[in-house]
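Okay, got some structures for you below.
In the two complexes below, chain A is the common chain; its partner is chain B in one and chain C in the other.
And now, the complex of A and B:
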């Protein structure tokens, strides 16, 4: 197990190295020039050359890359934003709890809903409740979360002069007020993500329920509840866990739009604004941090298989 | 001056304003707070709540119209101008104090602050060209500043009054915070004090109890609720969580009409604001160096059709070179010779085809049209309509959408091939729409116009200090430009200015700032 973890961590290094190269190169291939934009619009320096020098953009590209990646590896310094000149890590740390909470609540809602409806659908296969569950899943799959978010914000404002958009309050400052703010965006996002989970859950559970050991369990006279929840569910959960793992980048990516609509000051907006302003170091560093998180999360998910299915050994 | 203040006071007492209440505005986050390090209208509007200028535009009961750009005293109590128009001496009000925030701690504003701020603007701002004619700024004594210009410069006071340019900042704050982007560094002498700024969430301003104009502002505070999404901003307005869904209360005609249906109680005022959009062309290169081709473009555009289809017939068709809303300077197309005016407001596809054939394009031609598709409605439809209209006369348009960063740093600065299209910054002085757009070599001269006869007039109008004589030159320029088609202007639409009925005394003014607009605004809540 320890060796496996060490091997995976070692494998993460080339992955992250590749991510850093790709993001670094892509930012520089983007059309437009950050220095022109900053000088024309924002006059941080009297001339293009002066600002290019000030930001270190007049150095060869490989030196710029080594400077950035070296800062991270050697000093844990993720650099400063070109525009605000503030440390990126500081801003990321300040904003990350918002995105993490949104992603956490979204995962919770989508997993609970997806698994619950999936179980009912599988156990009551081809009954009315199965059809209702499957229709709901298809509906959730087909409605884009941003469309649903707009409807949830706009419709009550028209018909009830009320809208679920508030001024953000941190969880640490006022947990109840915070949950009131977070629950609607998490529900919107969670419901639309519950669709695929429900479908995978239903399919996997149906497969497991048809296996020999389940038949044995039935023949032993165990109750349906024990068979489904104790014997079948854990084995059927493996593809579901994989799916949640695969969807994690989606939760982070989708947070850009959800955060914009519901006024949540998270990482998604930070990243998006940096991208539109060609703020190279912010986009690079945020991307790298998120990539590292996804790699870490995937490792955790792989490790969780061993818990779900004790036959899996690392 | 005293008369203006007295009139203002009378108007206010007639409405019996009430003190108190917090004015909430849903708006996007400003890219920064330093008024010299950003040309964003959001930055300037945010911090205009906290800063003052030497002089200012009228607002609320003081203004005759939204484009009333007469000059009122702000921290300068009075000023004199030398006969030749090159020396301005400003006498500052005594006892004007900065907000009581460290490191300035409520010290008095002095002449040195004015010199520091104007020089910083001239060194750092993206708008620094506006004060290019300034030769020297001298502090004569604690409360007197002299500004010497290289030559007479008619737009000078207008630029000083524009909150985008000449906020008076305290030097100590820059020394301590490096620039004015830090919320703690926002220390001015304006009507509101920046109390707190939670990034991505809200900016809280409180009434400045020692503001130098007694009795105002009426509001206890202003809160900018940072809301990146336009749909959410409108929902917040509909549900009564904010007083305005835009920093200046603007909505598009569609949003305005929809709001009138869902919230009939809202006060919605369609207002033709300063604004302009156009097709711009490389007039220094073929095919647009041929006036016949440019005229063909001008005649191909069906302005009335656009107005009816997209703007509910409420748009202004005669939109350039001086924008519709800038009435004091505008020479209406109706007052021009019809033979020339048709290139500004006419629609004649047959004549356009004939002109193209005469110019050597009997089978038409193909051009690219660079643009940024992200501008607010109806811009996206505008690009398509332009392509369609031009296609009908034989000019095949290849629409070339660009990413914003690329558009704003290349195309919008005149670096493009053949043709492009987009809106103009809503400037406050006619000089920006004429000299700025047509004088050779400027980056704002997007059509690359180099016309010696025109250039002479452009320089003459900015040197003419007598407003009547200046107006004559500006009229001559408009007559001269009418049939040149250096830019092809498209209809301008009104903004719907919307707020709940409890908001009183709020009047739209086209002068960028927010602080002065809210000076006379009050809330009538039980």
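And now, the complex of A and C:
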């Protein structure tokens, strides 16, 4: 187990190194000049050359890269924003709880809904409740979450005079007010993501329910509840866990749009604003941090298989 | 049994016929057309559609929606009474009227016309990106699987690094730097699609490579190029079709979310994502149909491609089910 974890961490290092080169190269090779915009639009410095020197952009490219990556590896310094000159890591840490809460609630909602409907659909295969469940899943798959989000923002305010809460309150300041704000975006996002989970859950459970050990459990005289929830469910959860794991990058990416629509001050909005202002260091570092999280998460998911299926050992 | 193994089995059978005075390759070539024109058997690519109509009602519905979308996109110039950017200040914010079936927006532009032209962008980007991506995925996947070794290792680490990014963040980064245009978004989505799916193609190519008919082809003296293109590629083809059709809805949805963020096709050309976007939010409070119809169009399109893709996957490659 320890050896496996160490090996995976060792494998992650070259991957993340490559990621850092990709983001860095992208920001340098492609057209779009932040310096011109900062000087001409906002008078950050008297001349282009002066600002370029200030930001260290007049140095050779490999020096800039080494400076950036060296700061991260040696000092945990992810650089400063061009526009605000504030440390990126600080801003990221301040905003991350919002995104984490949104992603957590979304995953919770989609997993609970997906698994519950999936179980009912599988156990009552080919009955009315199965069909209702499957139609719901197809609907959830088809409706784009940002379309649903726009409708949820617009329609109730016209017809019921209800609007989502626009001013953000931190969870630590007032948990109840915070949940009231977060629940709507999380529901919108979670509902649309529950579709694939439900389908996988249903398929996996149907597979498991046809296996021999389930027949044994029936002949022992166990109740349906025990068989499904204690014997079948855990085995059927493996594909569900890998799906949720594979989808997590989608939750993080989608949070950009959800945060923009519901005006939540999370990492997604931070990234989006930096992108529109061509704030290279922010875009680079946020990409890298999130990529590192995705890599770490994949490891956690692989480790969780060992819990779900004791035959799997690392 | 997967459909394509039939083709490979007959090919192998052709090669194992009693010796004759012609070379093995020639006898295979002669045996093949004879077998394929046997009465009562259809080529798999015809058979799939027959099976779809017979056994997959939802898939057929999806196919019909896709066909309607295609027709709308191709015929947009002829079937729409207005131009997509034709404004009429006297007819702003009409909800429903005989002249404007789905209403008009803040500039008096006909919503139905804009939706029909929007279908053009969705399909153009969707098909363009998937075509480009499929070629890319097949090339890298088959190469990586066939030659293995260092090339495989190198390519796969690159794919690893790419997959570590949340897709939307990476696409947003690239597009905001390249600037919005139909060409840029198609290329970028195509490359992303290709890299992501090269894994799937590689997996299938790896397993096909181990079949005996590949070995026999090599034994008969076929070179690397001939083996890869003539023997492995045709057998990967059904998987490519599955990957492409199921991928279409994802690509269309991604294009819409990028347009939603203002990183897609620039205005005034209408896109479904752009029509939904936050820029028009203030007008939507006044005219909710501006939000409803694009969302409905997008959902229908995604539904259609999803159902068609699922049905084709079940028919062509049951192993990928639920993947």
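As a convention for this text, the second predicted complex is superposed on the first by the 312 of 314 C-alpha atoms of A that agree within 3 Å, B and C clash if a C-alpha of one lies under 4 Å from a C-alpha of the other, contacts with A are read in each partner's own complex, and residues count from 1 in each chain.
By definition in this document, contacts are C-beta pairs under 8 Å (C-beta built on N, C-alpha and C of every residue); 3 or more make two chains touch, one makes a residue touch a chain.
Just so it is clear, the model here is predicted, and its values are computed rather than measured.
> After the overlay on chain A, what do you see for chain B versus chain C, clash or fit?
Aligned through their shared chain, the two binders clash on chain A.
> According to the stated criteria, A:65 is in contact with first (chain B), second (chain C), both, or neither; which is it?
A:65 contacts neither chain B nor chain C.
> Quick one: classify A:171 as touching chain B (first), chain C (second), both or neither.
neither
> Classify the contacts of A:161 with the two partner chains as first (chain B alone), second (chain C alone), both, or neither.
First partner only.
> Quick check on the superposed pair: does A:260 touch chain B, chain C, both, or neither? Answer first, second, both or neither.
Touch status of A:260: both partners.
> Look at A:269 in the shared chain and tell me whether it touches chain B only, chain C only, both, or neither; answer first, second, both or neither.
Once the two structures are laid over each other on A, A:269 reaches chain B alone.
> Which of the two partners, first being chain B and second being chain C, lies in contact with A:4: first, second, both, or neither?
In the superposition, A:4 touches no partner, neither chain B nor chain C.
> Tell me the contact category for A:150 with respect to chain B and chain C: first, second, both or neither.
It touches chain B and chain C both.
> A:218 contacts which: chain B (first), chain C (second), both, neither?
Neither partner.
> Based on the superposed arrangement, let me know which partner A:305 touches: chain B (first), chain C (second), both, or neither?
neither
> Would you tell me the residues on chain A in contact with chain B in one complex that are also in contact with chain C in the other?
30-32, 150, 153-154, 157-158, 260-261, 276, 278
> Hey, which residues of chain B end up touching chain A in the complex?
Result: residues 29, 31-32, 36-40, 123-126, 128, 178, 181, 198-202, 225-229, 231-232, 234-236, 238-241, 262-263, 402-410, 413, 443 of chain B touch chain A.
> Report the residues of chain C in contact with chain A in the complex, numbered from low to high.
Those in contact with chain A are residues 157-158, 160-162, 164-170, 172-174, 176-179, 253, 256-257, 260-261, 273, 276, 278, 281, 284-285, 288, 291-292, 294-295, 298-300, 302-303, 306-307, 321-322.
> Once bound in the complex, which stretches of chain A touch chain C?
14-16, 18-19, 22-23, 26-27, 30-32, 138, 141-144, 146-148, 150-151, 153-155, 157-158, 199-200, 203-204, 239, 249-250, 252-254, 256-257, 260-261, 271-272, 275-276, 278, 283, 286-287, 290-292, 294-295
> Which residues of chain A touch chain B once you look at their complex with the stated criterion?
30-34, 36-37, 39-44, 46, 83-85, 91, 94-95, 150, 153-154, 156-158, 160-163, 165-168, 260-263, 265-266, 269-270, 273, 276-278
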